[in-house]
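I have a structure I would like to understand better, so I am pasting it below and will then ask my questions one at a time.
For reference, chains read A, B, C and D in written order, and residue numbers begin at 1 within each chain.
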Amino acid sequence: MNFIELAILTTGFLLILAGCYCLMRTYHIIKILIGIEVAMKAVTLFIAYAAHINGKIGLAQSFIITIIVVEVVVAVVLAGISLNLYKKYQSMDLRNIRKLRG
Amino acid sequence: MEVIITICLGFMLVFAIVAVMNKSLLKSAIALALVSIFLGVILYLLTAKWAAVFEVSVCSGLVTVISISAISLTHEEKEQLQKKYMDKRRMAMLPYLLILCGFLLVFIVLTAKIQLPYDQLAEPSTETLSEALWDNRQADVWGQIIILLTGAFAVVTLFKEA
Amino acid sequence: MRALQYVSMLFVIIPLTALIVCSLIKRSRQNAAFYLLSAFAAAQVGLALYGLMLFNSLNISEYSFGFHITQAVADVFTLKPASLVMLLCIGLVSFTSLLVAYKTMPANKKLSYLRLLSALIIGMNGIVLVNDLFTMYLFIEIIGISSFVLISTTKTEEGLESAFIYLVMSSLASIMLLTGLAFIFMRTGSLKFEYLIAINNTSAEVSQNALTYLSYILVISGLLIKTGAVPFHSWLPDAHQSADTSVSVLLSGIVIKAAGVYCLMRVTDIFGNLYAIRLSLAILGVITIAVGAMFALHQNHFKRILAYSSVSQMGYMLLGISAGGILGFIGTMLHIFNHAVFKSTLFTNAAALHEEVHTLDIDKLGGLQKQMPITATTSLIAFLSTAGIPPLSGFWSKLLIIIALWKANFIGFAAAALVLSIFTAAYFLRLQMNVFWGQTPEHLQSIKEVKGTIRFAEIMLTIITIAVGLGFPFILLFLEASGII
Amino acid sequence: MINALFDIISNNMLLIFILLPAFVGLIMLFIRKRFAIQLAVLLLSSIINLIAAYTLFASESFSYVIPFASFGLDIVLVSNELSSLFIMLVAAMFLFVCLYSAFYLKHKKQFSVFMLYMYISLAMLNGAILSDSLGIMLFFWEGLLCTLLGMLLINNTSKPKAAIKALVLSGTADLLLMLGIILTAYQAKTMLINEITPIKIQGFVPTLGFFCMLFGAIGKAGSMPFHSWIPEAANDATTPFLVSFPGALEKLAGFYLAVVVTTKLYDLRPHSTISNIVMTIGVLSLLFAVSMALIQKDMKRLLSYHAISQVGYMVLGIGSGLPIGIAGAVFHMLNNAVFKSCLYMCAGSIESQTSTTDLKKFSGVGKCMPITSICFTICGLAIAGVPPFCGFFSKELLFDAALESNIVFYIGALIGAFMTAVSFLKMGRAAFFGKLKLPEEKKISESEAGMLVPMIALSIICIIFGVFNTLPLDTLINKGLMFEKSFSGWPHSILLVVISLVVLCIAVLDHLYGSKKSGSALNAADHIHYAPVLKTIYSIAERGYFDLYNQMNALFNVFAKICVMFERAVSFTYDTIAVNAALLPGKVMRRYHNGSLGRYLFAALCGVVIIILIFIAVLV
C-alpha cells in the first residue's frame, strides 16, 4: 500500500470515527446533522478513490451525485423533524426528549 | 498531485474536528462547508469533475443553508448554550482519540500488509457520467426523482403549521 | 412472455401513477385517492399471484426488464419468484394499512399519508426488483425517508422523537452500508448482482483481503440496523409504538423485511454464503429472539409488545438466512409472508382497541372478550400462529427454518430456536389475558365491537392465516412447480 | 360402479378417519337447536367411524402415502396391528362419551362448539395414531393441544386458569416430544416409525431422546409432573370435557405413543437402569396422586387425582419392559378408559341433578338415583381391583410385572391399590348410601335415559372384560401388540391374588373402622364402643395410643402433607421461579432502553464489533 492510499484510508476512517463520536456524545440536535455529514464525506472520498483505482470514474460520479441528493433530502427531513421537536419542547436538547423508555 | 491531495486530506480532518467540537453551531456549520470544499478539490483532482461540482455547490452550499436556517429558527440563549451542551468538554477526548486510532490504523495496515481490495477484475472503461447514469443506471434516475419528490412531501408535511 | 413483460412493468408503473395522482389531487378529493390507492394495492396482490402463475407456466427462474426509451438502456430490474412473494406481501400489507388508515388517520393528514405511502410502495417494489447493490441502497433510503415522515405525520411528541431516533440510526446504517459498498466497488468495479455472484463463485481466493471482509461486515451491519436485530434494534420499538397504527402496520408488516431481511438474503447470497457471515447471523439471530422476547414480557403498551415481538421474530428470519440452502430460503420467505399477515392482524387489533377504548395501555384494558369477540378471536388466532402452533401458518415456516438449521449443522441454534419459542407464547399469553380475558372492568362494559374497514381487515387476515396453514402442502407444491424450490 | 366406489373408499380408507370427523364437526357447528338432528348426525357418524375402525382392525396392515413436500414430510398413514387397535378403541370410547356429552349439553349454548372441538379432536387423534411419520404425528399432536385449549376456554374466558395451565404444561410436554423426535430422527436417520429398528438406549443422546419422547407421551396422558392442570380443570371445565379428555381419549393417545416408544423406537430392556427409573416415576406418580385423592372432598377433583394415579400404574407396566407388563398396561389403560369415564359420567349425572359434586354438600343420593349408584358401584369396584371386574385382572398382570422387576415396585403398587380402595369406599358410601342430604330443598330423580345408556353400557363392559377377559386380552391386545403368549384367564399365581384380596379386605376394615370412629357413615357399632371393658380400651384408643389406625392415619397424613408440599413446590416452580427467572433479564435490560441516543448508537457499534470478532474467530 503506497502513501497516498494509506493517507486516504486513514483519513476516511478517522472522519467516520469523528462523525460517529459526535453522534454519540452530543446533546444538540443540529450537531447530529453535522456528525452525519462528516461521516458521509468520508464515504464520498472512498468511492471517488475506488473509481480512481479501477478506472470506472463515470460510474463513481453517478454514485456520488446520487449520494449527495440523498444527503440533502435527509438533511431537510432532519431539519423538519428538529423544528417540530423545537416547537413541542422549546429546546434542542436531546436530554429533554426522552419520552420513550423501556 | 499527491501532495495537494494529502494537504487537502489534512485540512478535511482538521475542519471536521472543528465542526464536531466547536461550541458555536454557526462556526460548526461553516467548518462543515469547508470540509466539503476540500473534498470537492480532492474529487476534482481524482478526475471526478461533475461530482466535484455537485459536492461544492450542493453539499457545501445547500446543506449549510439548511443547517444554518435550522439553527437560526431554533436559536437559544448563547451563554446557556455553552453551559447546557458542554460540547467542548464532552468532545475533549476526540483529538486524542483520533490521533491514537490513526496511529493504530497505520500500524495495523503496515504490519498486517493490508492491501486495498483491487483484483484487476474490472476493465477500465471510458464510460462517461451521462452514459453511466442514463443508460446503465436508469433505476438510479427513477430513484433520485422519487427521493426528491418524497423530500418535497416531507417539507409539505413537516413544515405545514399544525 | 409478453404477459410477463406487462406484469413486471406494472409493478413499477402502478405505484408511480399513484404517486403522481396523489401529488396532484385536491384535498377535497382525497377519498377518491384513497379508493384508487386501495384498488392499486389490491391489484398488486392480484398481479403478484398472476406473475407466480406465469412463472409456473413459463418455467423460467428470473426475468430482467427495463424501460427501453432508447436502445442503449440496459435492463435495470429483475423479477424473480421470490420478489413476487415479496410484492404480494407489500400489496397485502399496504391494503391492510389503507383499511386501517381509513378510520384512524385524521382527515387533514390523509393526503400526506397517501402520498408518502405511495412513495414507500415504490421504494419497496424497487428494492425487490433491483439487480444492483447501489440501487438497492438508494431504494432503502427512499423507504427510510418516507417512513420517517410517515411516523412523524401525526406530530405527537413521541412520534417526532421516535422518527428522529430512527433517522439517526438509519443514517448510521447508510454510512456503514456505503463504506462497505465503496470497498466492494473498489475491488470489482461494478455492483451488479450477477457480476458479483460470478466473481465470488470463480475467484474465491482473491477475496482473502481484510478490507473485503470488512466491507462485508459493514454491509451486513447496516442491513441489520434496518432489520432491527439486537443489538441494533433500539429504534424499532419506539417507532412502532408511537406511529399511527396504520403506519405501524406498514413498518412491522413489511418495511423491516423489505429493507432488512430481504436485502440480507440477497447480500448473503452475493457474498458467496460465507460461513463467517452465516455464523454471525445465526448468533445474532438467537440473541435477537431471546432479547426481543424478554423485553416484550415487560411492556405495558399493546403496540410496544407487538414491536418487541417483531424484533423477536426477525431473529427467526435471521436464523433462516443463516441456515442457507433451499430449505432455509423457503422457510425465511414463508416466515416473511406469515409474519406480514399475523403481525398486520395484531396491529389491526390494536387499531380496533384504540378506536373503541381510546387507550392501548394493557393495565387499563381487560375482559374485552365479550365486548369485542371478533377482535379477541382474531388476536388469539394470530397469537397462536406467531407462537408456531399447528395447523396455523406460523408453525410451518418455523418448522422449515428449524429443519433447515438442523440440516446446515447448526444443531445448537435449532434447539435454541425451539426452546425460545416458549417466550413467544409467554408474552402473548400475558397480552391476551390482560386485554381480552378476565373480569371486565366497570368502565369497559359499554364497549362495542369495531365496525367497518378495520373489522373487514381483521377477518380477511385471519382467514388468510388459517387458509395458508391448512393449505400449506399445496402452496409448497405450487412453489416447487413454479421453480422457487 | 359399486365396485369402483368401493375401491375408491377402501383405497382412501385411512383418510376417512381424519376427514370424516373434521367434516362432521363443521356440520355440527351449523345445526343449531335441533337436538334430534344433532343426535342423529352424531350417532350415525360415530357408528360409521366405529364400523370403519373395525374393518381396519380386521384387515391386513397397509399404508397410504400422500406425496407432500420433499423434506421427509410426506404424509404417510399406516394401518398396522397396533394403530388399528387404538383406532378402534378410540372409536368405541368416542361413541360413548359423545352420546353422554350430547345429552349432558342438550339445549345448552355451547353444544355445537363443544361438538366441533370433539370431532376435530377425534380427527387429530386418528391422524396422530395413523401417521407413520413422526413429523406429521407431531402436527396432529399439537392440533390436539389446540382443541384442548379451545374446550377449556368455552364460555369460561373470564377465569382461564386451567386453560393456561393446560396450555403451558401440555405445551412443555409437546416441546419435549418435539426435541425427542428430533433426537430420534437424528439417530435413526429417518422419520418413519416403520423404518426404525429399535435403538439401544446407551449413551447420552439415546437416553435423552428416550426420556424426551416418553415424557412427551405420558405427559399427554397426564402423568407427573405434567398433571396439575387436570384437578384444576375439574373445577373449571364442563363434565363432558372431563369424561372425554382426562377420562378416555388423552390416555389412549398418550399410551399409544408410549407403547410405540418403548416397543418400536427404543429397545427398552427389562431390569435395566432405564427401566427402573421409568418404573420409579410410575410408582411415585401413583402414590403421590392417590394420596392426594385421599384427602379430596369434591367428586370431580377426587376422580381427577385418580385419573393421574392410574397413569402411574400404566407407566409402571410399560416401564418394566416385560411383555406381561406392557400387555397389562394396555389392558389397564383400556379398563381405565372404560371405568374412569363411567365414573366421571356418574359424577356428571349427580351434578346434573344436585348441581354440585362437593361431598360435604350432599350425601346418600343412591335411593333417588339407583342406576347411577349401581353403575358407580360396579366401576368403583373395578377401579379398586375387586374380582371379577376388569380392573382386578389388569392390576394382577401389573403386579406380576412389578414383582418380576423388583419387590419395591410391587409393594408400592399394593399401597396404591390399598389407598385407591379406601378412597373409593369413602366416596361411594358418602355419596350414595346413608341419609339423604341435599344442598337445597328439591326433589331429585334419576338422570335422563340418554345419559344412562352409555353409563350402563360401560358398566356392562366392565363386567364383560373381567369375566370374559380372553376377549380384550387375546382378541384385541395380543393381536395389536403381536405377543404370542396369552395372558388371559385367571391369574396364574394364587399367592398374588390372595395378597391383593387381603389388601382389599384390610382396606374395607380400615374404612369401616374409620367411618365408625368418625361416626359419619354408620353408628351401628355404638354398643361395642360403650361395652364395660372395651370402653376403657376405647377411651385410651381415642386418645390415640396404640391405635394402629391413628398411627397409620398419622403416617398417611404426613405423607399426604409431603405430597401437598410437593404439589405446592411444583406449582411454585411453574408459577414463581420459572416466571421470575424468565422475567429477570428483561427487567435488567429494560434499564438500558432509556431514550439516550448515544447509548443506542453505542449498542449498534458493539454489534459491529461482535460481528468482527466472529469473523476473526472463523477466519483466523
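Note that in this section a contact is a pair of C-beta atoms (placed from the backbone, for glycine too) under 8 Å apart; a residue touches a chain by one contact, two chains touch by 3 or more.
Since the structure is predicted, the reported quantities are computational estimates derived from the model, not experimental observations.
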item: Intersection of contact partners for chain C and chain D; value: A
item: Identifier of the chain whose CA centre is least distant from the whole-structure CA centre; value: C
item: Inter-centroid spacing, chain C versus chain A (mean Cα positions, whole Å); value: 27
item: Chain centre separation (chain B, chain D; CA means) in Å; value: 71
item: Averaged-CA centre spacing for the pair chain C and chain B, given as whole angstrom; value: 32
item: Geometric centre distance via CA averages, chain B-chain A, whole Å; value: 6
item: Sequence positions of chain D contacting 2 or more other chains; value: 590, 593, 595, 597, 601
item: Numbers and ranges of chain B residues touching at least 2 other chains; value: 114-116, 118, 121-123, 131, 136-137, 140, 143-144, 147, 150-151, 154, 157-158
item: Residue list for chain C, restricted to those that touch at least two other chains; value: 134, 138, 141, 145, 148-149, 152, 155, 161, 165, 168, 172, 183, 186-190, 237, 295, 298
item: Pairs of chains found to touch, sorted by chain label; value: A-B, A-C, A-D, B-C, C-D
item: Complex contacts: residues of chain C adjacent to chain B; value: 12, 19, 23, 66-67, 70, 72-74, 76-77, 112, 115-116, 119, 122-123, 126, 130, 132, 134-135, 138-139, 141-142, 145-146, 148-149, 152-153, 155, 183-184, 186-190, 199, 203, 206-207, 209-212, 215
item: Interfacial residue positions of chain A with respect to chain D in the complex; value: 20, 23-25, 32, 94, 97-102
item: Contacting residues of chain A [partner chain C, same complex]; value: 12, 16, 19-20, 23, 29, 32, 36, 39-40, 42-43, 46-47, 49-51, 53-56, 59-60, 63, 66-67, 70, 73-74, 77-78, 81-82, 84-85, 88-89, 97-100, 102
item: Complex contacts: residues of chain B adjacent to chain A; value: 2, 5-6, 9-10, 12-13, 16-17, 19-20, 25, 28-29, 32, 35-36, 39, 42-43, 46-51, 54-55, 58-59, 62-63, 66-67, 69-71, 73-74, 76, 84-87, 90-91, 94, 97-98, 101-102, 105-106, 109-110, 113-116, 118, 121-129, 131-133, 136-137, 140, 143-144, 147-148, 150-151, 154-155, 157-159
item: Chain D to chain C touching residues, read off their complex; value: 66, 68-71, 75, 135, 138-139, 142-143, 145-146, 157-160, 164, 167-168, 171-172, 175, 178-179, 182, 186, 582-583, 585-587, 589-590, 593, 595, 597, 599-601, 603-604, 606-608, 610-612, 614-615, 618-619
